[in-house]
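Structures given as structure tokens follow.
In what comes next, chain A is part of two complexes: it sits with chain B in the first one and with chain C in the second one.
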Partner chain A sequence: MQIHPRAREYPDSQFSRPIRDESELTAGVKIEPGKSYGFFTDTTRCIGCKACEVACKEWNALPADSVGLTGMSYDNTGGLSASTWRHVAFIEKIGHGGGRATEMAPYQSNWLMMSDVCKHCHNAPCLEACPTGALFKTEFDTVVVQQDVCNGCGYCVPACPFGVIDVNLDDGKAHKCTLCYDRLKGGFEPACAKSCPTDSIQFGELAELHRRAAERVQELHRLGVESAYLYGTPGAPGATGGLEYLNAFFLLTDAPEVYNLPRAPTRASNRVMPSLLSGLATMAGFAVAAVALFAGASRNGR
Partner chain B sequence: MKTAEGTVLLVQESRMKVQLDSGASQLFIISHKSPAEPQELQHLQKAQAKVRITYEEGDRGMYAVARRIMEI
Partner chain C sequence: MADNIQTYYDHPQLKPAPFSWIVALYVYLAGLSGSSQMVATIADLFGGGRLRSLVRRGRYLSLVGTVIGPVLLIMDLHTPQRFYNMLRIFKATSPMSIGSYILSVFSVFSALTGGAQFIFDRAIRGPWRWIARIAQVPAAGAGGGMSVYTASLLASTSTPLWAASPGWMAVRFGSSSVASAGAALALGERWSGGRGYGRKLDALAVAALSVELYAAHLSQRDYQTKGVWGDREAAVWDSIDALGGYLPLALYTAGFFLGRRGRTLSEAASLATLVGGLAMRLAMQYAGQASASDPRTSLRFAQPENLPRAQS
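Up next, the complex of A and B:
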């Protein structure tokens, strides 16, 4: 394991002030405005510890939103919401194909685990739908809701093809992952990526993450996991329908639907023109029919 | 509605963590019915201000909904 040369400048375990450009030591990347940053979530490395969920809630002061049992395996948050910006999905693959499982291969994990998050889409549909400009692209190429501008109209909620953004009915504002915008401005790695013990969540510059992800897919293929593929990189599943690419992308080993991800997400704005044209065509059809009926009726009346 | 007094420890968007005088820590979400706006909370955190909060229990999670915040 390589240790960053700057780490030697900090031999103590307690600090009187934050470390300058700490992300250089924790994630190997210096955070600078004007560059594109994102997450690479490698689901084959996720152990379902939920450290990311806890770190996210702790840093962002998000409340626990369900304290009961969901009945969904070890999943206690159920999904992404206004107060859960990281969600660890547990998918148990026993008895797949409709049949009841009678035996299991030894020493094989039958679990798929994935830490879901806002995808910070390149062409973000939530941002396109926002009438007040509360949703904006930051200097780090991430998508954030400005709380003082958000009027809680909720147009962004159905516009998101991944079902990420949500409105809190108590404060009347839309909320979602900010990719720790405040931490990035201070030179810190996002809380979820920093807390991930297996580096399933990796933070970094997008080009570097794409390179790392492609290498990891090749490595998995070499190891016999032929099903490994990327979701959300340019040209891959998840980067469809005009989204171009996702700043938070995933390495999956099963169909996207298994992870509760859409196979071919699209921008809501793609459907505006066809809807408008079909509406106009319908109106024109009704008008022609009405004219024909009135013309026929007036002829019969004579 | 209940009232509590404490010190503002942390503010994120429209949420704030308050160390109550009883010693417990409580998370408050600013109600959309409150005259306070999220951007007005920042100075409370910077000043570690002592506040009196009128609130009701949140029914969608483990938090309280602040209706009125007064710096004391």
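Up next, the complex of A and C:
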């Protein structure tokens, strides 16, 4: 990446105050309300350092959880939760299935790592399910829970097709990645993207990220990684069933299921009208039956 | 169907709904009291004034949902003191929001109907009977909603079992609610030595149970084709069908053929219907949560062939 000309204005290594529009220097994008922002997580660049996990916990002051070993490779986090908003998955492909590896496929295809996060779905099922309006679309086109509105009904939890959002039983509210809503307002790129040493996590305007991602897929295909594809871009796996697209999308090299991602998730609100209408039709039918039954009672006295 | 799906260390891919048994109990009582209101109102409007004691019992029964329902729902919130935020907005994409308003309307008008009935029963002068007759109409409409919106609530999630058969689950919930109301009112009729409309209510319950069994059969077909099915599920649904469907149907039939001597059997049938309705809601909730926690089920369900047409 090129050095932004404005960077020359900040030659010191310590700053007395925040840099205005810092994201321009760190991510090459100016953050302005009304535009669409997201993450492009390129799993082929991930080295599994978990800097994103740590940066997220630090910035968002999230409590530690599950201090212990899971037995799932180097993944002792397990998955996303109310207190873990970035999660690095480790998939060992060497000697998988008990066998011993005798040859290696090229380019990071032997050990997959992926930093998972809330997808900030375009048609977000969690948001559509939330009865209090606590979940909302921000001016940056991201999905955030307003902590002072959420009443912990928990309906967003089963609505999410990616198993992201969860209720914290200690404070009784739903929590998930905010795409660093507070940082975006201050002109900073999200903490995870800023801390990622390999740019596996890239923050930016969605259209620009889509362009970059398509280019990266082509580049990888050229390099012989035929299996590279995008997950969550329009028309791709993960953007199915009415979700349209995910503002936080991924470049993968194996089946979605391998990364614990659903191949064809759906928008839960698709099912509101079919179920409600068949239910009401059923009740109408029984109402007619009851009328016939009781009208008979009035005629013959029984 | 991709059967050899690889999982991520069998770690769950979805999070189960953080609902306790309280929600299943609410779903049951909402259906019971909602359908009771509907049956009572129809009995009042079309029964030619002969069904007054049945109408009274139906109205009182619907107070159960009115009084206990909101309490149960608030109890299951994780921040209960903010329950009123439910009425902060209305959202047509959220059955939880739609249901909050159905419950509100139902509660207000059922309380009005039941309250007026109570005062009328005490022979206090005033237009009480007419207040009840007018208020019961919106109460009955909302009661129909109370019987089925809970199915839409579960179906409009990503939980595989609930999402796999949205329409048939709603038919099932609705008919089970009507069957429960018929059963409860028949018991009231028989235990109070009423005028003998027990048979009519039994007939309503039999019709509702048959529809429920048929809808259960069709929803199970959906579960099978969409991969939300295994030996455990088969065992659960077979027992639910037997307990809440075939058993009461057999008892009703036997009670009917034995005539007056079959009264105990009819009562047993009513009780089995009531228990079966609650068991079905509990099974639906827990089996649903289990399906969400099982990555094999959820990843198999989220396959392109299960997408609604024109959306793949």
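Here are a few things to note about the model shown:
Quick note on the criterion: the second predicted complex is superposed on the first by the 259 of 302 C-alpha atoms of A that agree within 3 Å, B and C clash if a C-alpha of one lies under 4 Å from a C-alpha of the other, contacts with A are read in each partner's own complex, and residues count from 1 in each chain.
Just so we're on the same page, a residue touches a chain if its C-beta (ideal position, glycine included) is under 8 Å from a C-beta of that chain, and two chains touch if they have at least 3 such contacts.
What you are looking at is a predicted structure, and each value in this text was computed from that prediction instead of being measured.
Contact with chain C, but none with chain B, is seen for A:270 once the two complexes are overlaid on the shared chain.
After overlaying the two complexes on the shared chain, residue contacts for A:278 are found with chain C alone; chain B is out of touch. When the shared chain is aligned, chain C comes close enough to touch A:128, but chain B does not.
Within the superposed three-chain model, A:152 lies in touch with chain B and with chain C [touch as defined at top]. In the superposition on chain A, contact of A:262 is made with chain C only, not with chain B.
In the overlay built on the shared chain, the residue A:117 is in contact with neither chain B nor chain C. In the superposition on chain A, A:172 makes contact with both chain B and chain C. Shared-chain residue A:63: touches chain B; no touch with chain C. Of the two partner chains placed by the overlay, neither chain B nor chain C lies in contact with A:51.
One of chain B and chain C touches more residues of chain A, and that partner is C.
The interface of chain A with chain B overlaps its interface with chain C at residues 152, 169, 171-173. By the touch rule above, chain A contacts chain B in their complex via residues 59-67, 83, 147-148, 152, 168-173, 175, 182. Listed in rising order, the residues of chain C touching chain A in the complex are 5-9, 11-19, 35, 38-39, 42-43, 46-51, 76-80, 82-83, 85-86, 88-89, 91-98, 100, 144-145, 147-149, 151-153, 155-159, 162-163, 166-171, 173-175, 178, 196-197, 200, 203-204, 207-208, 211, 292, 295, 298-299, 302-304, 306-308, 311-312.
Contact residues of chain A toward chain C in the complex are 70-73, 75, 78-79, 89, 91, 125, 128-134, 149-155, 157-167, 169, 171-173, 240-242, 255, 257-266, 268-272, 274-276, 278-280, 282-284, 286-287, 289-291, 293-299, 301-302. Every residue of chain B that touches chain A in the complex is listed here, in rising order: 10-17, 27, 29-32, 37-39, 58, 60-63, 65.
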